[in-house]
Amino acid sequence: MGNRFLAALVISTATAAALLHSGSAWATDTVRVRVAEYSAKTGPFFQELAKKFNAANPDIEVQIEHLPWPEMQQQLVSDISAGTAPDVSHMATRWMAGFAKDGALAPIEDLMSPAFADTFVPTYLDLQKQDGHTWGLPIAASARGLFYNKKLFDKAGIAKPPTTWDETFEAAKKIAALGDGVYGIGVQGRDLDTEGYWFYSLWTHGGSILGPDGKSGFASPEAVLATNNYLRMIKASVTQPGVTGASREDLQNLFAAGKMGMVLSGPWFNAQLAEQGKDVEYGISRIPVATTEATYGVTDTIAVLESSKVKPQAMKFLEFIFNKENRLEFGKLEGFVPVLKAESTEPFFTENPKMSVFLEMGPLAKFAPLFPRWEEMADGLKTELSRIYSGEVSAEEGLKQAAAKMDAILAEDE
Amino acid sequence: MILIAPCLLLSVAVIGYPIFDVIRMSLFDVSRTGMVREFAGLTNFVKAFADPVFLQAARQTFVWTVCVVGGTLLVSVPIALILNEDFYGRTIARTIVLLPWAISLAMTAVVWRYVVNGDFGTLNMTLAALGLPFENYPWLADARMAFLIEIMVGILVSVPFTVTILLGGLTSIPESLYEASAIDGASSTKKFYYITMPLLWPFMQIALVLNVIYVFNSFPIIWIMTNGGPANRTDILITYVYKQAFAFGKLGNAAAGSVVMFAMLLVFAIVYLFLTKAQGARNDV
Amino acid sequence: MSKAKKSLVCWALLSPFLVVVLFPYATMLSTSLKQKDEIFTFHRTWLPRDFYLGNFAELIFEKGFGRALVNSLAISVGATVLSLAVAIPAAYALTRMRVPAKGALTNYLLITQMISPIVLIVGLFRMFAYFGLVNSLLSVIIAHSAFFMAFAVWMLQSYFATIPKDLEEAAWMDGASRFSAFVRVFLPLCLPGVVVTAIFTFVNSWNEYAMSLTLLRQVSQQTAPVQIAFLTGTLYQIEWHLIMAATLLASVPVAIVFASIQRYLIGGMALGGVK
Amino acid sequence: MASINLTNIRKQYGSLTIIDDINIEIEDREFVVLVGPSGCGKSTLLRMIAGLESISGGTIAIDGKVVNDVGPQHRDLAMVFQTYALYPHMTTAQNIGFPLKLRGASKDEIDRAIAGVANTLHLDALLDRQPRALSGGQRQRVAMGRAMVREPRAFLFDEPLSNLDAKLRHHMRIELRQLHTSLGATSIYVTHDQIEAMTMADRIVVMNRGKVEQVGTPLELFDKPANVFVAGFLGSPTINLGNATLYAADGSARLEFDAGSGPIDLANVAPSAHRDVVAGIRPQHLEVVSPEGAKLTGMVDLVEHTGCETNVILSVGSEKWTVQSRNRQHLTQGEHVGLVFDPINLHLFAAETKERI
């Protein structure tokens, strides 16, 4: 209500001003938009969008600030606490819950038109909702798949990509047996998304992050099986050496160099392979299964901040970003799956086998929960995974610890 | 007075307020966006000390600081002694020794992370070319090895500063002392032991204190190379605090951790001052 | 032992350390001359395929790294000037005058060095934001000066203490005011110390990352270390070829400064001996 | 030129008193030497006159004007420092010209003044050198030149010769004194060397523990030291002192040394009641004779030959005495000798107050 009134007021004032002083500088509203960089191309892309938008909307001036991902959280915290936050900010969806809970974000369901909201693929938009409000828009979405090196598969005499984890293990063994510094499959053990790599196995073994009793599912029998699935590969030395030292980027680099038979990754990896792995012939298939088919769906969010005084203008820019043309360009540039219904039918996604597989798996996607303190829970899990992968503790023991930590946090927040 | 005022003003204004802010946050319940809510007493401190990772990080900070500072002094003293000799190409050698200073810590860490990369790093490439079995050895996968490498990089970046201070000290030792001791029949080891070391000691103390402060608070090397992992085994207090604040949004806990860190350095400084004073008193007698 | 023989021994003893120092530089050089697709290849090599200078060109012309270097230069020079401007009088007062609560003051300065800017960043930012100083190079200059000043005061103090007091007194007797004695007699004498302190401050400021990152948000204001971090900070791939080129570019000027003033640097650190 | 008056001057650091109630009047053109052992406060006093030290109490007046609150740069005094305090980054000419430059003199004036001073001090050939390229004596001269160049109201010297070797010191002493005669400038000269004090001063101020012990011309002080301290401080070798008893007998004063001398009649001293005294006799006034019949005896410890003089060091009771004589003495260690002197040369001090009787 209040928002709408404010919006109306701001818009009418702005319109009146525009009428009186059409084209004069003082009537422009500045909208500060912060984006984080997926690649070196992200910043320039949004700068370009802002330029176009500003040209078309003389009463609004969008300013783009772009930052590296590792600094986003720190900067956002500093900014919000100091009252210098931008009007619109990009963030990981998993941080969104925390910021929303602390009142830093503006609910946008009333700012956007129902028609606009309807252009989104519901799964991805629903992820931005909590406590009855929509806190942002899914600026990027990805599903994950199995990248495999066709040349190495041929050499090792593997006819087709594996569909089950057992087949995967066998394939990895054959590839690793080729020698010459070639690894069968990558297992991630550090930094961003380490827990995600584990979720692939967790979900496909029928496990879940949150058990039916509302408690952590980290220590469930399925989770143990899922962990032992990776552990047997590590023990058989069919993975890269030093799992606990390998980040997502390290695995991708190994694959791009043709040194790795299989790796689980997302659509953005296509873009890197196009630049750095020109010699690598690869295919992408669905994530191997033990009992249940699944993939990891991740979104990032772009949100309007509660402190913004130009929320309607901010929304206008968001609507501009999320028009089909701009989204398509962004998707092609960074390699993300479509978040707009209209995009999903584009040949770029449907006819390109390197994209379509992610699109197909969309409906199977599972997501990380939107707990305000999810980062802490994930960190606890990461720590234990690292201990398990290095052989320091058994899967059961480590997972029990991780689950206990998660449960403790859940209990504290009740 | 007027002369000191600007210095004091700048320092109090720019550093004083943030220090106050941290202390305040450590005593309150703080939202992840830095909003100070109700007074929490020592809750944040209690929580910090109840966190096994905090205690582990504290232990590791101790190891980190002792190893890096100790290692730095052990490496720097011989280097300073050599660079104090007159030999061909000394200017070049001195410049090379200073080089690590020319890159920021963060960049040094980034470059080293690449250097020790198992499959693509230049270290394994070189070792393998020398016929050593390090084709694809994953240096950062094992916590102990990773910590060792970080300590080594820590030493590397601390050496230029330390050598500079020590060289300054060495050049201030009058040649006549060496001549006198030579006449007294001192061998070169004895000269080192009885003349160089005692006269260099004040400079080593300066290097020690400053290095302890810098190394204790040193963030980029560990953050960039291992991010505290694997399994928090390379976390030190500053990386712990940073994670608490900016990854977990627990600004109150982070502030409490910062205050504890500060207190630890303060205790170190007081003990140091006490020891040097006691020693001074002994020397006076 | 002849000097030649001694030189050989010295170099031999230093060589393990020198190798460790130069190794990352060699890595930087090698990598910065490679093209993007050469970095992660099956068969790694030290030598680039063809000595490719495109990375440097891309940095300067496309990524605006030249601009970042200029920003860094402006901030470092500004911070050096400002911190010396406040540190010199303070150090002078501390060495030459009876200052009340001198001990407390020196302790305070030491304490400011004990806290890493990283843990203070939120408070620091809040304060600068309150005064509307965010996104201005001036704010970083002020912040750097405040943090690096204590060290400057400390260094200058130990250097000033070596300048005989007689000289200023003589100048006063000769009719010089305190100020003119300071400028005409004292400052010229402690120039080496001042230069060394300036270099220290400059290098610290040149390499500082956290404060510059937090206080400056506009791309056009980024400093060199911040921009390099931006190259590493993208989510899905690190632009190693550019990072190495940028790191090399950012460190070469400092290295050249070191080489040229290296005599001065060590002489200035010698806390004795102006005769 | 100027007169300088010190009235009730005090200097304290907290509870520590460095200078305690000093009154000295220095007349225009006078050459006054402040002398005393190290730590007696003479340098502090000089620096207070210069304006380099604050004054805790009393007044300093130059030409009758109190200057307590006038900074050193405005007192128009020149000072020569023990270390010379030459500006290391300036040449000889620049050093000498510096005071004039500060006063905004024209370049011509400065050059002329430098040339004049350089001529007087024989520095012409050294004008372009930096201090580090000068010898000790040359540096001393440059420091003098810098003080002279602007004709100050008074010169202050803080042990200016103490860093020179003996020969040079003697030479500079003469030169300085001649310079004073020709310039006629009021000078205050601090030294711990009593020979410098004796040879250069118009008047000497002997200081000890922050107090003035005695003020007077060199010979006054030598001949009539006001107390044991002054007697002991001036004269070389040091005056011989011995505890003795003074009493009256047969209507005249008699003295008997505790070391076991016979009674010595003192014709020039008024007879007085029995009292303990310290008696002093300068080495030059003693003579070694054969022990038979001598009232005072001693045992030879050492004989020093300096060429024209011979110093005989002997034990007299528990004291060490020196006899200086122009005759070569052929004595052996351990030999018993007698000592004689003209009682007129005796200095008597009260044993309790150590003041002259």
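The letters A, B, C and D name the chains in turn, as written, and every chain counts its residues from 1.
In the analysis below, contacts are C-beta pairs under 8 Å (C-beta built on N, C-alpha and C of every residue); 3 or more make two chains touch, one makes a residue touch a chain.
No experiment lies behind these values; they were computed from the predicted model shown.
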Revision key, fill the gap. The chains touching both subunit C and subunit D are none
**Study point:** B-C against A-B, pair bridged by the larger set of C-beta contacts
**Key:** B-C
Practice item. Determine the centre-to-centre distance between subunit B and subunit C, using the mean Cα coordinates as centres, and give it in whole Å. Key: 17
Revision key, fill the gap. For the pair subunit B and subunit D, the C-alpha centroid-to-centroid distance in angstrom is 58
Check your understanding: Cα centroid separation between subunit A and subunit B, in whole Å?
Key -> 37
Study note, to complete from the structure: Between the Cα centroids of subunit A and subunit D the separation in whole angstrom comes to 92
Review point. At which residue positions does subunit D touch at least two other chains?
Key: none
Review point. Listing for subunit A: what residues touch at least two other chains?
Key: 74, 77-78, 81-82, 181, 253-254, 257, 259
**Study point:** Sites on subunit B at which at least two other chains make contact
**Key:** 34, 119-120, 242, 245, 251
Check your understanding: Which pairs of chains touch each other?
Key -> A-B, A-C, B-C, C-D
Study note, to complete from the structure: Listed in rising order, the residues of subunit A that touch subunit C in the complex are 36-40, 42-43, 65-71, 74-75, 77-79, 81-84, 181, 192, 249, 252-254, 256-259, 268-269, 271-272, 275-278, 334
**Study point:** Residue ranges of subunit C touching subunit D (in the complex, touch as defined)
**Key:** 164, 166-167, 169-178, 180, 184-185, 188-189, 274-275
Practice item. Sort out for me which residues of subunit B touch subunit C in the complex. Key: 1, 3-4, 6-8, 10-11, 13-15, 17-22, 25, 34, 75, 78-79, 82-83, 85-91, 93-108, 110-112, 114-115, 119-120, 122-123, 125-126, 152, 156, 159, 164-165, 167-169, 171-172, 210, 213, 217, 219-220, 238, 241-242, 245, 251, 254-255, 258, 261-262, 265-266, 269
Check your understanding: Which subunit B residues qualify as touching subunit A in the complex?
Key -> 31-35, 53, 117-120, 135-143, 146, 226-227, 229-232, 242-243, 245-251
**Study point:** Residues of subunit D defined as touching subunit C within the complex
**Key:** 50-52, 71-74, 76-79, 81-83, 85-89, 98-99, 102-103, 132, 146, 150, 156
